[in-house]
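Note that the chains take the letters A, B, C, D and E in the order they are written out, and that residue 1 is the start of every chain.
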Amino acid sequence: MSKRLFAVFAALMIVGLILTACGPKAPAFECTDAIGCLDVAPDEPVHLAYMLTISGATAFLGEDSKGAIEIAIDDRDGKILGHDIVLTGEDSGCSAEGGQTAATKVASDPTIVGVIGTNCSSAATAAIDTISSAGLVMISSSNTAPALTIEGQTWKPGYYRVCHTDLFQGAVAAEFAYNELGARTTATIHDGSPYADQLQAVYAKRFIELGGEVTFAGAVNIGDTDMRTVLTTVAADGPDVLYFPIFEPEGDFIVAQSSEIAGLENTTLMGADGLLADSFPENAGPNSVGMYLSGPYVVGEAYEAFLAKWDAKFGGVPPSGFHAFAYDGTNIILDAVEAVAVVDEDGTLHIGRQALRDSMSSLSNYDGLTGALDCTDKDFGVVGISHGDCATGGALGIFELGQAELDGNWPPPAIYTPGE
Amino acid sequence: MAMLEINDIHTYYGNIHALKGVSLTVEEGEIVTLIGANGAGKTTTLRTITGLLTPREGSITYEGENITGIPAHELVYKQVAMVPEGRGVFAKLTVLENLEMGAYSRNDKEGIVSDFDRVFSLFPRLKERRKQVAGTLSGGEQQMLATGRAMMAKPRLLLLDEPSMGLAPVLVDSVFDAIVEINKEGTTILLVEQNALMALSVANRGYVLQTGQIVLHDDSAALKQNEMVQKAYLGMD
Amino acid sequence: MIKTLQENFQKIQKFALLGGIVAIYLVAVGMVETFAQRNLIGTSLSLGHAFLVLGPIGVGILIAQAMKESETKSIYVAGFLAGALSSVSLILFNIVIQIFVIQADPDAVFYLRNMFVSFTPTAFEFLTFGQGMVLGNILLFLFFGLMGMLGVSFLRFPDKIRRGWINSLIWVLAVGLFSENVAQILRELFGPGLGKIIFSNKSMNPVAAIILFAVVFAFSYFGLKKEASDKWAAMPEEKQKKGRVFIIIMAILFVAILPWLVGLFLSQALFIIGMYVMMGLGLNIVVGYAGLLDLGYVAFFAFGAYTMGILTTTGALGRSDLNFWMALPFAMLIGVLWGLLLGFPVLRMRGDYLAIVTLGFGEIIRILALSNWLAPFGGGAQGILHIPQPEFFGLSMNSPQAMYYLVVLGAVLAAFVTIRLRDSRLGRQWMAMREDEDVAEAMGINLIQTKLLAFSIGAAFSALAGAIFAARLGNIFPHSFNILISINALALIIVGGLGSIPGVVVGAIILIGLPEMLREFAEYRLLMYGMLLIIMMIVKPDGFMPEARRSQELRDEKDTLPKQAAGTEG
Amino acid sequence: MLKQFLDRFSWVDFFMRLLQVAAVIVIIVGIFNSLGATKYTSGQWVTLVFAGLAQGSIYALIALGYTLVYGILLMINFAHGDVYMAGAFTAVFLANSLAASGFLGAQPVISVLLLILLAASVSMVLNVVVERVAYRPLRGAPRLVPLITAIGASFTIEYTFRGLYGAEFQSYPIIPALDGQFLTLAGFEIPWTQIVVLVAAILLMVSLYFFIERTKIGKAMRAVSEDKEVARLMGIDVDKTIMITFAVGGALAGAAGVFNGIFRPQGVFFFMGFIPGIKAFTAAVLGGIGNIPGAMVGGLFLGVFEAIGPNLILEGLGIPAVNQLRDAFAFTILVLILIFRPQGIFGERLAEKKA
Amino acid sequence: MGVILKTKNVTKRFGGLIAVDKFEIDVQENSISSVIGPNGAGKTTFFNCITGFYKPTEGKIIFDGHYIQGLTTDRITNLGISRTYQNIRLFSKMTAIENILVGQHPHLKTFWFEAIIKNKRFLKEEEDALQEAIRLLSFVGLSGLGDQVAHNLPYGAQRRLEIARALASKPKLLLLDEPTAGMNPNESRDLMNFIRRLRDELEITILLIEHDMKVVMGISEEIWVMDFGQKIAEGTPLEIQRNPRVIEAYLGRGAASGLNLEAKGVEA
């Protein structure tokens, strides 16, 4: 090794050592938390992360949630307990491998307090293990797979969700169809996503339990544009109700093309929260008049204000229907941080990770954009014990679309809620 | 002033030095032939002249104008045409369409029509087959088509690359007859040929190319008598 | 000088237009605005700035290249001019935003933000440095001019300084860009302190940046790398040999301890890279050696994963309760069988017909896995859940670090088999078939056998990768097996250099590793990936590590013959 | 005799034959069962066929771009589906403005022509730029290299447009003049939108055919596709001709984007080109890639086949949720056809050019 | 000396086009013979029928006691027919040695798995094959060029390499398709002598397609003349040169009279 080379190495080493030596002094605070504490120095921000689907065909889901998270942070002027809030994000995609990789990224950053995400249940299924063992909390705006919060199934400590599971929504939709619409036959269509598949299965099960008959359980693929073939198959039996809990644009195609198919004249169309966005009637066209959507019953002044903020910040309206959950989820985490953080005199925060989980798990009667939320454990009997399911199910409703919605009125009136 | 003047061109294929300083001239009205072994650089010379290749050094002057490195398709507009080696007819186009492509550089509709007749009178076989797809022609007919197609550009200088290659002996004569005929009508010809005997018998002058360099240059008659040429290219001992 | 400028004005205009297009593109797709939030150094230099100046700096470089012969001073002036002119597009952009967005009524038909989502007041703010319409645009103009001069300086500084400071700049930007990963590595090595000092909120501390800049500059300026390599060359043969052995041992050690140096996330990235190396090696046999363009390679990956899932899962779909190690050979075997089965119908197809048919197979398999029809066997849309992780002497390999070793082993196995086969009769058969199928057959080669061997050996590695993937993930869904995997695998072997084994590794690091490290760029990640593919192929069409040919006739005296070559006439 | 037979016996041929027979049997059984069940009315079949034709004409227009480029450069322009998206995505904003201002209702024909003009120009320019940036520097590179840049171009275009126009879904407005209008043909009702699209697409295709066959530029394109070097010797500017080819292909794709918006207005977003792109490529291969009438027929064939196939064949085999399998079915048909005819429906036999 | 290759009634149609029309030849063992005829007469198609590239529409081909019509190319090669191509078709990105090694394929027996474990048999066979390849390389006069990538070789060397590759399969019958195309008279003469050596030293039967009449007449023992797919004449060089049909359809008067002298000159 030449002398000069050595000199440079030596200089590097010295600089490194000095820098290490000058590191922050050990805090006086003593952490007693079971899974450790997170310390935020006075000049450091509180670090939130999101894991959403930002790229690919489902990017609109991620954009929807991400915007809501940013608005939630803006609502606090970007500050919590005197610290800035930073939001960093990972693209988890709508896939298991994306979820897992994003989770390892998040888990390897010890400054992160909590995670908002994921959009897709498959991503969450693969991420939950890593997130949980890293001591983080994670709250989802649109994971609806029931297994995620059921003890003994996929659930792991630290996982929460704001949205209702398929078990609620599918059942509500089936009851509405059977009881209110008086339907006795029904057909379903899913799009191959675990979400829609699950939801239509729950719906069909409940519908049969009520005494109805499922004439056809069909499916399309994400990316399909021509729904005439599947609609023709549906039309062959002429069911009373067609339930298709899928997303845009496939849902748009089904609605728009249904009028071309002979035999569907007497079939009522019913979609789910995947279509509950204000762009839907405009996209789907006049056929959307008279159809029903099941979904979160999000109304009220707070929500109107939220939409106004969205319009100001991003222009237009959110691209999908889960933003309100993302907004609530962000607030739940931040509120929990506020509740459990120990503040030193110099402004240093100490956040016990287990304490944060406990705080979130004990949350009840929380007044969110999406109604009253309750994250405590619940017993679902046969299904199992559920943890971290914040949605009460009370915030679900069935909406009827009319000409007014087509003309730009949003949201549509809820004509049925399960309590009634 | 010579019609075509090539001055010390060096052409490379990648790193391969194919032409190492070739110089030659063609006077108006002549038939000049370029003979040499395979790989000597004959085709490379023609390709460099027409702009399919660009020389790294040296210059090419055509009628006093520097045409070094000019894109091949622009040279045609200066009435220089080439019949490529292996004929290169457009196999899926009809005979007529092939000829039309030959006249691509021209816009004078009447002139083109009259040149069709000229080509057909030179090669009557083509007239019979003008609606036929060129790929179904026999080798000799394809050579006629390729030559006729080049004539459609109304060239003042015609470059011919191995017109006798792969032809039956019986056809070689008629191809060379046509070359002489074209020349008589006023087209200058630079002929690259493997068959040195035939080439020298129609050409006024000849150049001998060896491994990328001109080694000999003389009148055809003199070249025929040259001992080296006789041994190497005419196959006489 | 004026004269030189006049002479070159056309070039200046042309390059300025080019730079302007690049600049407006980056702004219009929203990259500049989005990345303005992401600081590289301190709070003043953001990634948005780095993107913004790409245009003018590039213009400067082009100018310096095109005007090589001119005197230095006029080149700088030309660079300034061209850079400044390239800002015109952005000035126009600013005016458009001012009129059609900021001052327009959001409900008006011509309210441009309805169409162009990145035409935002924030972008305007950023581009005008917050100084308003007039002053802001003037500043922008001057700033771009300076950046043009900066670009010129890349080529015009004295050589030593030039190299030094370009290297330093690259290093500083790279560390700023990969701050999270660098910080993570520092954390693993030195604890949390150092990283916190160098980075704050992903951005590099200015002092640290200056130190890094200085160090790299010193390295380059004093030519330490060259000195070292000169010394190496001067060493006696024997010492070099020893040195080589030492380096190889160090490399193996490095690979072995790597996951523990880089932490959880980068280990996961390494795991994915390793998986793709394995697949790439398999696909390299099919495409690189045998010349069969296979766009449906993901199918075998899926078979491996599903076999692993079905054989080991404890869920309802489980068919047996094998453990990972027992299921692994079955996964490979199933891969091989399907390689044969799918290879069969396409034996007679060539080139692009083969490509579309294999692409079709990939899709068919995915759709079937998704279908209600086969859901009783493969779980349909719900996938297969709860696939146990492998155990190694009782230890569950549930971390990416542990699985990393598994894929490294798999990749080494794949490389070993590939090398051995390449240098054998079968390898020559494949290559002959790739060069000319008909002539290869006329050499007595049985094409059917040879093709099927390529398909099935390639499939075996893909299935192996799939099986490991399933075990790492714990859950598999049909959506994971989309065409992107085939495309990635194909792209990485071509970018690396078709037929080259080190090329597969390099390709995987660039095309799989880099995007993983750049995850935070989310919506622009695939955009950059796409551009990267184009640029890399244009710069290096033969790949980064083109396949090398062995010397066989003159085995010991390498390079003694001068390159024999002659015209390709004829 | 036996020995001679055994020498010539090929397992591949045997299995191919077996596969062919099996496929035919399965298809016949499927059709027999489906039709035997009389589940669908003849009106429903006709609906499907016409929807398939309209869809197929869009495939065909995109496929022409693939085939033109393939013919001239022997490369798969993988980004072509995204070129289609670019036109459709850009024109949707104009379409909505036209609808909002009422012009679309008042002057539907002019409006649609305007839309086609805009979409075709955008796609055309984009395709030319892609050629200039991503393909031209690679003339003469190994064949797989342009495929990779094409894939790169595909990503670049998709995410550029996502950056420009956002990730939301847009929809074309419904043209009032065609809304809910049906043509009654032999007692069957067919939506006018589909008829318009089909007729317009066929018109475009026929004019393209004449352009290629009759005009000087068209002939030059054919000449270049056969031999670039000789074409240059004829005075044909090869780069320019290739550029024109890309321009024509791009314009057709852009027009297809608007046609798509007429008969199926929803789902306009940055990823919309991917699947039609692959389907159109499939159609081009079905027809014999490089062959222009082949691309047209291949497109229409694929459109109709995937529209009626699942219900007609798969359902009769007792498979549940058949529509989910439509793409798998389309690809299976492709594989079967290529097994029967390895060169596609109209392709030339490659095998005859062996030695 | 027996007949090594016999074709009976061989016909090949492409659609309506008859490329080869009931063509019959008998090639004597250990002979050198030629098929000549105008361009497009069907000579190469005929070769393709023999080597299995095409399946003859009708007719039989008997090689060394086997009926080979309709067999796949690789089987025919394994029976002992090898060929070169009109336009050189080397494996252009492989080295010269590798080209020859591929040519040896019919004689290599190791199983692919042996290559992975590198057992003794594999190593020995590879070494032997390599030595044989080097020997063949020097036989065709290309020593020292073995590690060159084929397409970097000079034209003449490529021709010779193609022959070496064809020889590597140890054929009984070698088909040469225009071997002297693009060669000057000197080179052609060298090649003629080389072909004779092949026959004399390796005892290979040789069948040529050739345009260079000096070569054909100087070297062939028997010639078949083909025109429009049909055989219009057969016989010794002398008989062919005098055959009026051949002169009319193919040779032309001038060429025929000149050739006689030339041919004699070569033999001298």
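We take it that a residue touches a chain if its C-beta (ideal position, glycine included) is under 8 Å from a C-beta of that chain, and two chains touch if they have at least 3 such contacts.
The chain list, named the UniProt way, goes like this: A = Branched-chain amino acid ABC transporter substrate-binding protein; B, E = ABC transporter ATP-binding protein; C = Leucine/isoleucine/valine transporter permease subunit.
Only a predicted model underlies this, so the values are computations on that prediction, with no experimental measurement involved.
**Student:** Need the graph distance between subunit A and subunit E over the touch network, please.
**Tutor:** 2
**Student:** Please list the single chain whose C-alpha centre lies closest to the global protein C-alpha centre.
**Tutor:** C
**Student:** More contacting C-beta pairs: C-E or D-E?
**Tutor:** By the number of C-beta pairs in contact, the winner is C-E.
**Student:** Select the chain at the greatest separation from subunit E, using centres from the mean of Cα atoms.
**Tutor:** When every chain centre is compared against subunit E, the largest gap points to A.
**Student:** Could you give the separation in Å between the centres of subunit C and subunit E, each centre being the mean of its C-alpha atoms?
**Tutor:** About 49 Å, centre to centre.
**Student:** In angstrom, rounded to a whole number, how far apart do the mean CA points of subunit A and subunit D lie?
**Tutor:** 37
**Student:** Express in whole angstrom the distance between the two chain centres, defined as the mean CA positions of subunit A and subunit C.
**Tutor:** Centres of subunit A and subunit C (C-alpha means) sit 31 Å apart.
**Student:** Quick check: how many Å separate the C-alpha centres of subunit B and subunit D?
**Tutor:** 44
**Student:** Find every residue in subunit A that makes contact with two or more other chains and list them.
**Tutor:** 55-56, 59, 192, 217, 219, 221, 316
**Student:** Which subunit E residues touch at least two other chains?
**Tutor:** Residue numbers touching two or more other chains: 53, 72, 85, 154-155, 182.
**Student:** Using the touch rule from the top of the page, what residues of subunit B touch 2 or more other chains?
**Tutor:** Counting only residues that touch two or more other chains, subunit B contributes 38-39.
**Student:** With touch defined as at the start, can you tell me which subunit C residues reach subunit A in the complex?
**Tutor:** Those in contact with subunit A are residues 106, 113-114, 117, 120, 180, 184, 187, 190-194, 196-198, 200-202, 208, 211, 215, 218-219, 222, 224, 227-228, 231, 263-269, 272, 367, 370-372, 380-383, 385, 398, 400, 469, 472-480, 516, 519-520, 522-523, 525-526.
**Student:** Can you name the residues of subunit D that touch subunit A in the complex?
**Tutor:** Contact set of subunit D toward subunit A: 39-41, 43-44, 47-48, 51-52, 55, 159, 162, 166-171, 174, 179-180, 189, 191, 264-267, 269, 271, 274-276, 306-308, 310-311, 315, 320-324, 326-327.
**Student:** In their complex, what parts of subunit C are in touch with subunit E?
**Tutor:** My answer: residues 416-417, 420-421, 423-429, 431-432, 435-436, 438-447, 453, 549-554, 561, 563-570.
**Student:** Per the contact definition, I'd like the list of subunit B residues that touch subunit D in the complex.
**Tutor:** 50-52, 71-77, 81-82, 84, 88, 90-93, 97, 100-102, 104-105, 149, 153
**Student:** For a test of understanding, state which residues of subunit C touch subunit D in their complex under the given definition.
**Tutor:** 25, 28-31, 109-110, 114-118, 287, 293, 344-350, 352-353, 355-357, 359-361, 363-364, 367-368, 370-373, 438, 448, 487, 490-491, 494-495, 498, 523-524, 526-527, 529-534, 537-538, 541-542
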